[in-house]
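Below are two complexes that have chain A in common, paired first with chain B and then with chain C.
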Partner chain A sequence: MVPLEQLHLSHVLQAVSALESIVLRSFGPEGGQVLFTRDTGQVMVSRSGKRILTALHLDHPLARMVVRCVWKHSTITGDGSKTFVLLLASLLRIIHATATKDPHMFQPHNSTEASEAATARHLADRLLEFALTELDELIVLNVLPHGFRVSLENFTAETHDLSCQTLLVSFFRTRLGYAYCDFFRNLFCELLSHWKVKDDRPSFSIQFLNNSFLALHTQVSGVPVSCSRLIEGQVIHRDFATPCPQVRKQPLKAVVFNGYLQPKLLTTGDVLELRCGDKVTEDRGIVHFSSWTEKSVESIIATLQSFGVSVLLCALKQSSAVLAAATQAGMCLVECVSEEEISLFTQLSGVTPISDCRRIHPEHIATLTFCKPLLLGAHRYVHLDFHDCEERLKVKPCSLVICAPSEGQADQHACAFQDAFRMLLTALEPVRKTQTALEETIPSKKCTSLHADNISNGTACRVHLHQKCVTETGCVISAGGTFEFLLHHALHQYGHSCSVSVNTSAVVPVSQLLAKALLSVPRQIYSRNLKHFLQAQTRVVALIPKQPHALSANFIHTEGPLGDGKLSLCSCKNGNMSLKLLDLGLESVSCKYQLVLAVLQCLTNLLRINMVLQTHAVLHTESHDSLNAHSESSEGEDED
Partner chain B sequence: MKELLKSSYGPTARLKQVHNNIGGAVVTTSTSSVLLQAISSSHPIVSLIKGSILNHVSRFSDCGLFASVFCLSLIEEAGRCDLSQNVIIRVNKHLLSLCTAHLQQEDCGCKVQLDFCSSQSLITLARSVISSKPTCVLSEPESAHISRLAVQAFLLTVPCNIPDKVRLGRTVTIPMEGHSVLESAVFPGLLLDTPENISLGNLCSPLRMVLFSASLAGDLSELGDGRIEVHQGVDTDSQIVDQLLELGKQVLKDEVKLFVCQKVIHPVLQHYLRCNGVIVIERLGISLMEPLIQLTGAQPVATLHTTVPWEAYGEVHVSVRPFGSKTKLHLHPAGKTTICTMILCHRNETMLSELKLVCQKTEHVLRLTLREPCALLGGGCTETHLAAYVRHQSKNDVSESSPVLGCSQTEYLLAGEAFCRSLESVATSLEHDDGASLIDLTHAHHWTLPSDATEEHLEDAAALCGCGVVQSCQNKKWSYLNTEYAEFSPEPLLTASPLQPTVLDSFTAKVNALEVAVETANLVLDVRYVIQDVN
Partner chain C sequence: MLFFTCCRPVDEEDFEWEPPTEAEMKVIQARRERQDKISKLMGDYLLKGYKMLGDCCEACGTILLQDRQQKNYCVSCQELDSDIDKDNPALNPQAALSQVRERQLAAQVPAAAPELNGGPTSSQAGVSVPQPRPEHCEGAAAGGRALLPPPVVASPPPTASTTTLAPIRPPVCPQNSTLRPVLEEAEEAVLTKLRWATAQLQSSASLEASIQLCSLISSCANSLRNLKELSQ
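So, the complex of A and B:
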């Protein structure tokens, strides 16, 4: 009765491949921007995979599911959305190939398609299981030794950590292209150093910036990008509703209002009865009412004046009587301030908004050093700064002005900034669960991930080292596919040792599948030139044999207070191979790790579906033919 | 699109007529903001460029066509030279920073310091803005007159005694159709439409005035969403009118002689006030409120029920000024003011609206000079000068710059050449009558040559360069633009130049236009593919 669409593996593959072809052109160092236009004339420019995919408005249910997964992943990590699609597509392709080649390896089925699907599902489940249990350990053992550590502890304006800067540059390069990556990196570092809370964890301030970014930045269009800058204090994206007085005594006092200053006499549902001969309203009738409201406004303004308040920030639009009363009292009033800005203001000033106008207390009153109009582009905003913020919160509040010739570009830059916060947050997270996983797995099957010729005393020393490593945060590795090459190599080794030890050749080692799929990412990075791909691979793999030495050498450096000078020193010692890789920039290991996990989760979800149910609310009782015709949603729609 | 915009560039530009397919108004223009808004292109790249340029124009009011022509020729040249986009983008960005650094230098050859003591250079600047818009159909004395007026109005809005914060005044423009352009004038103060048959005979100046921002029509707006039940026998209307008359009585008692309201005044109150010899002006409109407040010092009153506070009253001188068929009430303040009114006259509506636009732009451009008191040489000379400079510099620093930018030396030179050619093509597009564009090889200024002149008569034909600073003389070497010539470093002009430049461009606007053009071109070059949402 219900229209069904049997879902085959090839359908899933087709849908994901269509998505892959979309993101591919903006992938990698040679990738470019994608331009979106709407019929309304809006133009959006983006290199972010997340924005490209969400802007597509896809019809295909599977594609939409993938996009939702990508969206979720990149909202958390701020990075890796294009790699997500690439990796997913190549995993699907490999699973598809394995399943068609060997459909009955798992269990007999009546149709080939069903058995194919079952095999694929089984493989995906095992992949996920493998990744959840073994992957973190593999990464710690085989990838982290080649990485560097980023710390934001000594993040002051003068001495930036080199590796952190490189990380940011490579991030902005993938988002904004070569032209502005250095410029925005500097701006970002400056912003971060301004907001850094003294003697507190850097991730705390990044979290704060991430949460209040909407209120913290201002987009200006029509001005070159190089005019982007930081300005002290907070910008409220509204203009003064009353003329701003010229000269004022410093500092100023300000209050925040959540409601209306003028009491609403009649709310919806209330009825005002005007009777003749009534004793109460007889004298002036209706006029009495409106004069009463005006009187109450005057009394509020008088109370505020007694406190010396001269700036009113209101969340709602106020009546003209209120505006006139404020003007006469010489107060500047700002209406319709957004919720985010009010919350940022209250956080920075430490006051609470006034909800009941009749009760105003000193704790409602904030002190500002200045409050003046600020002309940015076409708009006039309110620019204010807090009086004693540096003593109270130990930060120097400042807002970001992002300039670009067109709105679409400014928006793109703002998004890149927001994602950079997320990416840094993820990068600073330690690779979780690793410590416990190590302690459990190493004693039982200690040789799983090591070379067969590796001896046990080496292992013991290694475990010690690695446990130190997991407590560290912010591990980064050179970009350009290094992570993928290393993990590929590790998985390959692992699979090899697994098949030898377990000796069940019937089961396809899932680690081999993952290893193969991982290689597709660097293959795309060097898609223009196959020679470069091979060169890069040999370069990375060449690092691996001398692993024991390189490993310890690296760890000595990472444990010490790693300065920027030592970083380059360390890579010099390893031969100039990693130095060369450093040109490509850095990327965060924990972002990559989460990416692989998210892809595998998405894959499992995708393959567990075996049917698509198209429900039509309106056409429910109509003939099935039309419905079936409709449910044949084609992949071609993805590329409209 | 490039051809379209190119032909609209400069003072001898061709006009464009824009009309849409559903029979809307026909607009004749060569102004970039109007022109670009009218183009509804189906091509997304064009709309991207359009958006950038329009944003620039809305900030700086000038150099929109320069930016668009330059941006388009950059893209065109990039397509012509066979280089990877990433290389072109990086080189463009590098050369742009070279240009802006050169322009910011004190001794830059194409920069002129503006002197606020004499209005001559300001008038020249205003005039180059006005004369670059041929739709206004202004004759030579007319455009001179308008430029003078624009500068006069601008100077009136600059306050004399400057406090710590400069606050510019406002110029209110009143268009008047059917008069000669030369009748346009600038007055300090405000001109308001007068109510019929007004007599000022028995009024002594200055007058006390009151300004209402609330509606005095007798409606109740601020009560909320509730329902009002009116029982029989209650006459709310008369209660409100009584209240209004009460207000009128108080105002009369305070000897107010001018009663202005932003919105409508109830006829009963109007009549009552008129009978008592008060000048009543209603429906002033929100746009005139701010200048009027600045002019008179009155504070707008928004409440009806409380007594009008004494501080809310303002004082103003009033006189009646006949202007054509209309009479206007001229309000001018007791002291100095930064508010002035500009009356613009022209023969028909199209020309008048373009003239009004041009005057607003001129005002904006003049205001920009306050921020950066200098101007650039116009007439294409800045472009040719920059091109020569960039060519020279890029040849010199090729060995240092190319490794930094990650490209080979040849690539760097090729991309640099494309950049210079685009700059020159902007200068070339100033000429629309098949004339040739030339560059002299000492100062790198731009010269145009009528099509009928030949190489031999070069010195006679082109007596002055595009901006009018350099005079033609015998020993100069010339080269046609768009032809190869040996690179050279443009010589700075002698400081005691005998000639005043006749064409000037706004510095701030031009530098911004340059940056916007390059950034937009870079963005367009970086676009790999386009997705069009047709939903």
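So, the complex of A and C:
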């Protein structure tokens, strides 16, 4: 085995092309699904690019790198993993063609391959620089005017905001198919409306839901999908360790323990020295010590009884003495509660967990409306609700129950839900990174009323401004390649104007490369029927006005402020678009922009690799769960 | 961040670039198709559970795959190259050239055929469709060749480089009286074609075209000989 391997452009292209050919089969509205089978006989069907790519057995370092980039991108934006690979492959192909056509652009190298690689690297760097500096402005000027703004201000299940509903439906349709997209859209909106903090930013609640989604949902298998619903309060995914007494009418009191109630002082290998006064006697042995610890447990339980506590939630497994004492005192005990659930519990109830069992104070005691066992599917869980949560936190906490015939499908639905949160969060991000001076000088009175643990005050102030500034958050555009066509056209124009003004005909304008690569996405969407591709392109290009200046003037001098703080972007063909968006669906402009940036960054990283060092030690685990479990695999050693 | 433009000045080299010839285009196209085929096959195997290794095949440089039984597998060596490497225009430039030639011929034959067939009936016409046999490609050339059945009566032995598809010889021997005008017409048609081919040969600049015209001339000569034998 050769320990050192020179990396050629064709190797990179081959690895990425193989991934592309896999992803293409499930791409687009007519794409198929991949059937996963395990040796245990479990079967799952999925179209999610992230799931397909992470399930492949890949030992090739470049392919693993690409899959990791896709996974990271998907974790942030929730969508677009297949488009990522597609765009990456077409960019690589175009750069490869450009580099092989004219490899001696720069200092002559020893070999053709080295000069090709250097040219490719340089092109990739230039592309990334272009994207970071000029692309957002191009998008704002040329793509956004053809879109809509999604507003989540008055978010209820019955909201008539068509664009937001359509955005969610099209997202769920790409993930879960036509059958359940409407059902899940309604469920999602209901969840969001319950958790929306009144008079506050919607993205705060979405962020909160995204962070605590693990604790907020329960997957149930073996039940039809239509049984998915919301239930009030929180579900703890453990069963009672002690027999639960009959439900009492008055509000219950609960405490959370982070550690052990009975001190675990004896572990294997420890030596305990027992003293009685100054002498070490042999009369008092381990039995007396154990009885002393048991007495301390009883005193803790007595303290809790004096406070009226009847529910104990423990993070760790308790000893049998503790369980016996709790049963005797008539208290419900739940052990091994996960960290996320404890964190959610403490946030919603406003208490702190007890770390030192000898000091129990009133601020450790939470009040619950009820705490009872709940049977979901084949498992029994603990179901509880908080007293006066609505007055204190202004939310109605509820938990999501996701039902599906099989475990894999339930997992898929849960992932789709979580990715929907991420997609909405990304959609609410502004496209333009640079701030205009106008935005920074105008203060807003509303900033002071926001919650302290909100997203950064800067962003909040920015969105509340409704003066003559351009806020481009929450912009959506019709799906089916509209973004790509518009951006392709804009980049083309930009490239022409650049070459005319600068007059460097020998320099390859990178905007043209990007423009060419972008077209590969709609081409694959309409790959079954070329006529549709041409029709779509004609339709979108017809929307572009002949005089670009007229449009931008319209855009910047928008009259404001509007009454409820909403700034609606002018859309030229409002009537036509409303018809189209019902068939094609919507996608977020900000997500697409993030995708293009991420692809270019991955491309730059890929082309910067010169050599691959083969090591003999196993540096990473074979299981695919390593990616899902957020563990950092040490594959960096494989690359130079 | 550094941003530097092209260092190489524009000189005469730039103006000497010519568009790739048809043969080169064919090679480029075939190479691209081959790469696409390799990618698709690799994707198929990956979805079947094969592992993509970090090594490349020594022979062709394709990325190796490994199956569940730890056996390494090269997609291009073991699947694509087994039966068509000699015919593959991407790998064999001769094959590419001959494929181009066939396409050209296929374009020429419909132009030549009506004139040749315009004469007497096909059963006795001295038609021989010129089909120069490519040096190396048997299988690939089969598609482009017009299918004519082999001669029933022994025809003059073909030359070493060309196979002439001799005209169909009906086993029935026609009467002499009805034969002569037909033969004369056939001779005339062949001579016309011979004259045309000679004129084309004089003005032709391409090597391929010249070879084809020479073969046309030789087959015309053969047909004339056959016709003379028939008339005697």
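The rule is short, and it goes like this: the second predicted complex is superposed on the first by the 510 of 640 C-alpha atoms of A that agree within 3 Å, B and C clash if a C-alpha of one lies under 4 Å from a C-alpha of the other, contacts with A are read in each partner's own complex, and residues count from 1 in each chain.
Following the convention adopted for this analysis, a residue touches a chain if its C-beta (ideal position, glycine included) is under 8 Å from a C-beta of that chain, and two chains touch if they have at least 3 such contacts.
Owing to the predicted nature of the structure, the values given are computational and were not obtained by experimental measurement.
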Partner chain(s) touched by A:L56 [first = chain B, second = chain C, both, neither]: both
Partner chain in contact with A:T75 - chain B first, chain C second, else both or neither: neither
Which superposed partner A:V34 touches (first chain B, second chain C, both, neither): both
First (chain B), second (chain C), both or neither touched by A:Q262: first
Touching partner for A:E20 - first (chain B), second (chain C), both, neither: second
First, second, both or neither for A:P405, with chain B first and chain C second: first
Partner chain in contact with A:S10 - chain B first, chain C second, else both or neither: second
Doubly contacted residues of chain A, that is, touched by chain B and again by chain C: 25, 34, 56-57
Residues on chain A engaged by chain C in the complex (per definition of touch): 1, 5, 10-11, 13-15, 17-22, 25, 34, 56-61, 63, 104-107, 126, 129, 504-507, 612, 614, 638
Residue numbers on chain C that touch chain A, as the complex places them: 1, 3, 5-8, 10, 35-36, 38-40, 42-43, 46-47, 49-56, 61-63, 66
Complex interface listing, chain A residues touching chain B: 25-26, 30-39, 41, 43, 45, 52, 55-57, 177-179, 221-226, 243, 246-247, 262, 264-277, 284-287, 289-291, 293-295, 298, 319-321, 323-325, 327-328, 377-378, 404-409, 640
Touching residues on chain B, where the partner in the complex is chain A: 40, 44-45, 47-48, 51-52, 55-60, 85-86, 89-90, 93, 163-165, 167, 213-214, 220, 222-234, 236, 239-240, 242-243, 290, 293, 299-306, 309, 311-312, 512, 515-516, 519-520, 522-523, 526-535
